[in-house]
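In what follows, structures are represented as structure tokens.
What follows is chain A paired twice: with chain B in the first complex and chain C in the second.
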Partner chain A sequence: MRWQWSAAAAALVALFAAAAVFPHVANGYELFVGTEIAIFAIACLGLTVAIGWSGQVVLAQTGFFGIGAYGTNYLFEHHVPWVVSVLAISLLCALCGMVVGFPAARLRGFYLAIATLAFAELLDQLFNNATAITGGPVGMAVVPFRLWSLGVNVGLWYLSFVVLVATVVVLNHLGRSRLGRCLRAVRDAEVATGSLGLSATQLKVVAFVISALLGSIAGSLYGQALTFLSPDAFSLNLVIEFLVVVFIGGVDKLSGAIVGAAFLVLIQEALQSFGAYQRLIFGVALVLVVRFLPGGLVSLVPLVRARWRSRRSRPEPAAPQPVEVSAA
Partner chain B sequence: MSDEHLLSVRGVSVSFGGVDVLHGVDLGADAGFTGLIGPNGAGKTTLFNVITGYVRPRAGEVYLDGVALHGKDAYQVARLGVARTFQTPKLVGEMAVLDNAMLGIDGRAGARRLGRSFGTRRSERATRAEAAELLERFGLGRHLRVPAGMLSLGSQKIIEVARALLARPRLLLLDEPAAGLSGPDVEALARPLAEFASSGLAILIVEHDLELVKRLCPTVVVLEFGTVLAAGAPEEVTRRKEVVAAYLGGET
Partner chain C sequence: MGQVIVSGLAAGSTFALLALALVLVFKATNVPNFAQAEMGLLPAFITWQLMTTFHVGYALGVLAGIASGVVIAVVIERSCIRPILAHSESASVMMTIGLFFVLNSISGLVWDSAPRIIAAPFGSLYRVAGTTITEEQVVAIGVGVVVVVVMSWFFRTHLGSQMRALAEDRVTPRLVGVNPNRVFLVAWAIAGALSAIALLLATQSTVLNDQSGVAIILDGFVAATLGGFNSLLGAFVGGLVLGVLTNLAGTYVSTSGASAVALLIVFLVLMARPRGLFGQARAREV
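Now for the complex of A and B:
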């Protein structure tokens, strides 16, 4: 047990060291890509809680992402300190999550997906039309935020990385303790939750709120990364991209959102010349993964490890991992 | 039925789409086992669903120690001290046996306080220890880390009983706990349950295994076509002509 702890500590130190060095070895483009991966991972970790753990297919995340970006910029423009703006807007989104959550918690599966998609579309309309705050379809420049004396992009990378790590640490604890158990009970045995004195509605709302909170914080960071906001960035295309992240990465695991975000951003950058065909490729990839690898890319790890182990010890075939589609 | 019972069900009627499923059912239960028997479709599970808040009765009242249960949602009824199991166990298949059992503790009043609801290290450790201890008593100590869905139906039913008991209920409703269980599994289940019953827990049990019912329950209630056909000591009740007829479906 002890060496595992030291190995984990060493890995963590190495990770932080790599993150600290990254802006100094990467060029501006690579730094942007790295930051974008971290930001998408944060937003999609919210979806891991809502979709993966509690089984509620909520598609409103892009709306909260947009509110985070526009709202933070609006407050910051009006001389509210940036960190305060981020927190204020994320609390607003948490409240929104609660308000949307109570009626949404009574919907199931397909109906929930459509209702929350409508909410995202509604906000997209708002971004287009609330010209005073968002600049409308023309968009608006983002006021850059400087972290101490660091360059804007370098500071943003550090900030995104730290927020991502903090999110993973907190969610890792929640997922393994009471809340994680209760949300999974809502997902796989909702009938039983009532008999245990647990209100499925309240638990779903908690999942929505966590999801909205993370979506908003990620949005605040995304605004800084984009430097220019226009409603196109938060349209329904982004809904598909978020779904690609969570389902291709692995919807039930925290690592899934990170792997998925890396997959999405890197493939997107690699396939830039494909234009609209990109979306087709993502669509096909999504269908293939959901059909053949419902646990996502991260579910390959235990599979490969089991095969590798069995090859080393005895020539027995690896035990198949039980995989389930966890979304309702 | 008088108010002196821990659980009293008075004149409960339920109809689904115009069909009467329960018709003016009265029932009382106290500490110890009470059996609820009757042919398929008699309305036993529906009566369970009424008591636990899953189904709203068209008429009638349900009280636990004088507190009304009717008109409340399932989770509110559970919080008043009523736990139950289901005919087919409702567990989180991919989650470990231990975690499934811990859910029973997660719903308790103390665990729902905001400070503990996100799982402090200390509360988690205490929860795990308590759940593990009870699972040991049911003979599942070897399987604590196994995903619940990998175990046999019998084991899953026992896990569900343990989960319900960990909620520390005053009244426990068991819906066919022994159906599909092997002989040793039935024993593994019955022994700890009897201990709980003798220390003051009221257990209402729906069961088709009449031998088990006779052994455990000092009182049984027979339900047929949504009405109470008979109630009393099992030996006496099961000898009655109308009960035999109901069970065999004949016209004896």
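Now for the complex of A and C:
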């Protein structure tokens, strides 16, 4: 067992070292792509909790993402320290999550999808019309935040990376805790949870609030990644993109959000001028993944590993033995 | 004002047809089909293409379009939907979202976003009680009513009863010889035809482009929700009500007010009365 721990520790050190070095070896564009992957991963980890762990198909994440971006920028513009703004807005989103989550917990499956989609669209309309706060369709310029004396983009990368790692660690712990098991119980056998003394509604709201929190924090970071906020960035397209991330990556595992985010951002950047082809690829990928690989791309790893193992240790077929026929 | 209401009813008829398709597919196979409008968009483009390039007449073009809608729906049901019916609900939601993408991008790639017009031969105007009604609007509302009547009749036929039985109970009808695969196929085929008709009606009074489906899918869902996703009459009436309300909001409030009204309606209905205005409370097996 000990070599597994040292291997994991070595991998972690390597990861942190790579992240520390990344801004200095990558150009501005590559740094932006990496930061975008990290930010999308954070937002979609929230969806992993809501959809993957508690089974609620929540499509409202873009709303919280947008509130995070706009709200933090607005407060920062008005001289509230950036970190305080982030925390304040994420608290606001957590409250919103509670308010929306309670009635949402009563809805089943796809009614919930429609209701949360309507909520996200309503927020998108709000971003378009609350001109005093958000600048309306024209948008608002982002006030850059400097982390100590680092460059804006470098600081943002470090911040996003650290938040992503912290989120993964916290969620991993939560997932293995009693809360994680209760949420999965709600997902798999909601009716039975009542008989075990668990309040399905409370648990669902908790998942919803966690998801809203992560969406808001990711949104605050995203606001810094863009130099200009406009409502287009938080429209229906973003809802679909988040869903693509979560489902192509794999909705059950935390690594799914990260893999999916990498897939989405890389394809987007590769096909930047071919909007319709992007959508075609995402659509085909989604259809194929749902049809043939329901666990997402991350489920390929255990599949491949299982097949490789069974091939290595397949026993020799037994040599045929002569059959004794006894006089009965 | 009367003008606004009449055009609201005409638009609402389109929403209602789309909602009928959605409710039919949902009742029969328990799949909320986000791709329903796109499944009707391709037939509309095919009709346009036939009429423009091959100079096919309007009636024949429409019939060909509807037939292609049926074919597309059947192909999708067989290849993408039937295999995953046993999986979770979110699987079928994601599948239809993926299909929405695929169909939408195919429309955009084959026929770009330049607006097209399907030359419908409905040009006359009528004046009733001081309001001008176009023949297209009469056709839209009329077709809607005819479809609802035909669907109600259909559910009293043998196949229609089988469909209703399967919607209530997946297992028992098999014991009396109902073939679920055939029923699912027919449900999707009819829904494909309905969405083709809906898209043709929706684009006859405006232009046809690759965003025409996106524009009405949400309204279709709202109308279906108003009917509780359960009742065909509810979906139809819901569609008409939605059409009138959004038109009123669009005229007297603002253009973005129209979509905001639709969203607010669906949000409130789902929060306050999830079974819709006309639906019955569904009992669920656990």
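Going forward, the second predicted complex is superposed on the first by the 314 of 328 C-alpha atoms of A that agree within 3 Å, B and C clash if a C-alpha of one lies under 4 Å from a C-alpha of the other, contacts with A are read in each partner's own complex, and residues count from 1 in each chain.
Everything below uses one rule, namely that a contact is a pair of C-beta atoms (placed from the backbone, for glycine too) under 8 Å apart; a residue touches a chain by one contact, two chains touch by 3 or more.
Being a predicted model, the structure only gives us computed values, none of them experimental.
When both complexes are superposed on chain A, chain B and chain C sit side by side without a clash. Of the two partner chains placed by the overlay, only chain C lies in contact with A:L122; chain B stays clear of it.
Residue contacts after overlaying the shared chain place A:A20 against neither chain B nor chain C. By the touch criterion stated above, A:H173 is placed in contact with chain B alone, chain C being left untouched. Look at A:V99: by the touch rule set out above, it reaches neither chain B nor chain C.
Legend: residue contacts after superposition of the two complexes on their common chain; A:C182 is shown touching chain B, with no touch to chain C. Comparing chain C and chain B on the residues of chain A they touch gives the larger count to C.
Shared-chain residue A:I51: touches chain C; no touch with chain B.
In the superposition on chain A, contact is made by A:V191 with both chain B and chain C.
Shared-chain residue A:L271: touches no atom of chain B or chain C.
By the document's definition of touching, of the two partners only chain C reaches A:G109; chain B does not. Remark: least CA distance from chain B to chain C after fitting both complexes onto chain A is 9 Å.
Annotation: chain A residues 191 touch chain B in one complex and chain C in the other. Here chain A touches chain C in the complex through residues 51, 55, 57, 103, 106-111, 113-115, 118-119, 121-122, 125, 128-129, 191, 240, 243, 247, 251, 276-277, 279-280, 282-287, 290-291, 294, going by the rule given at the top.
Chain A makes touch with chain B in their complex at residues 173-174, 176-182, 184-185, 187-189, 191-200, 322, 324, 326. Taken together, the chain B residues at the contact with chain A in this complex read 52-54, 73-75, 77-79, 83-84, 86, 90-95, 99, 102-104, 106-109, 111-112, 116-119, 123-124, 127, 147, 149-150, 160, 163-164, 167. By the touch criterion given at the top, residues 32, 80, 83-84, 87, 89-91, 93-95, 97-106, 108-109, 218, 221, 225, 229, 256, 259-260, 263-264, 266-267, 270-271, 274, 284, 286 of chain C touch chain A in their complex.
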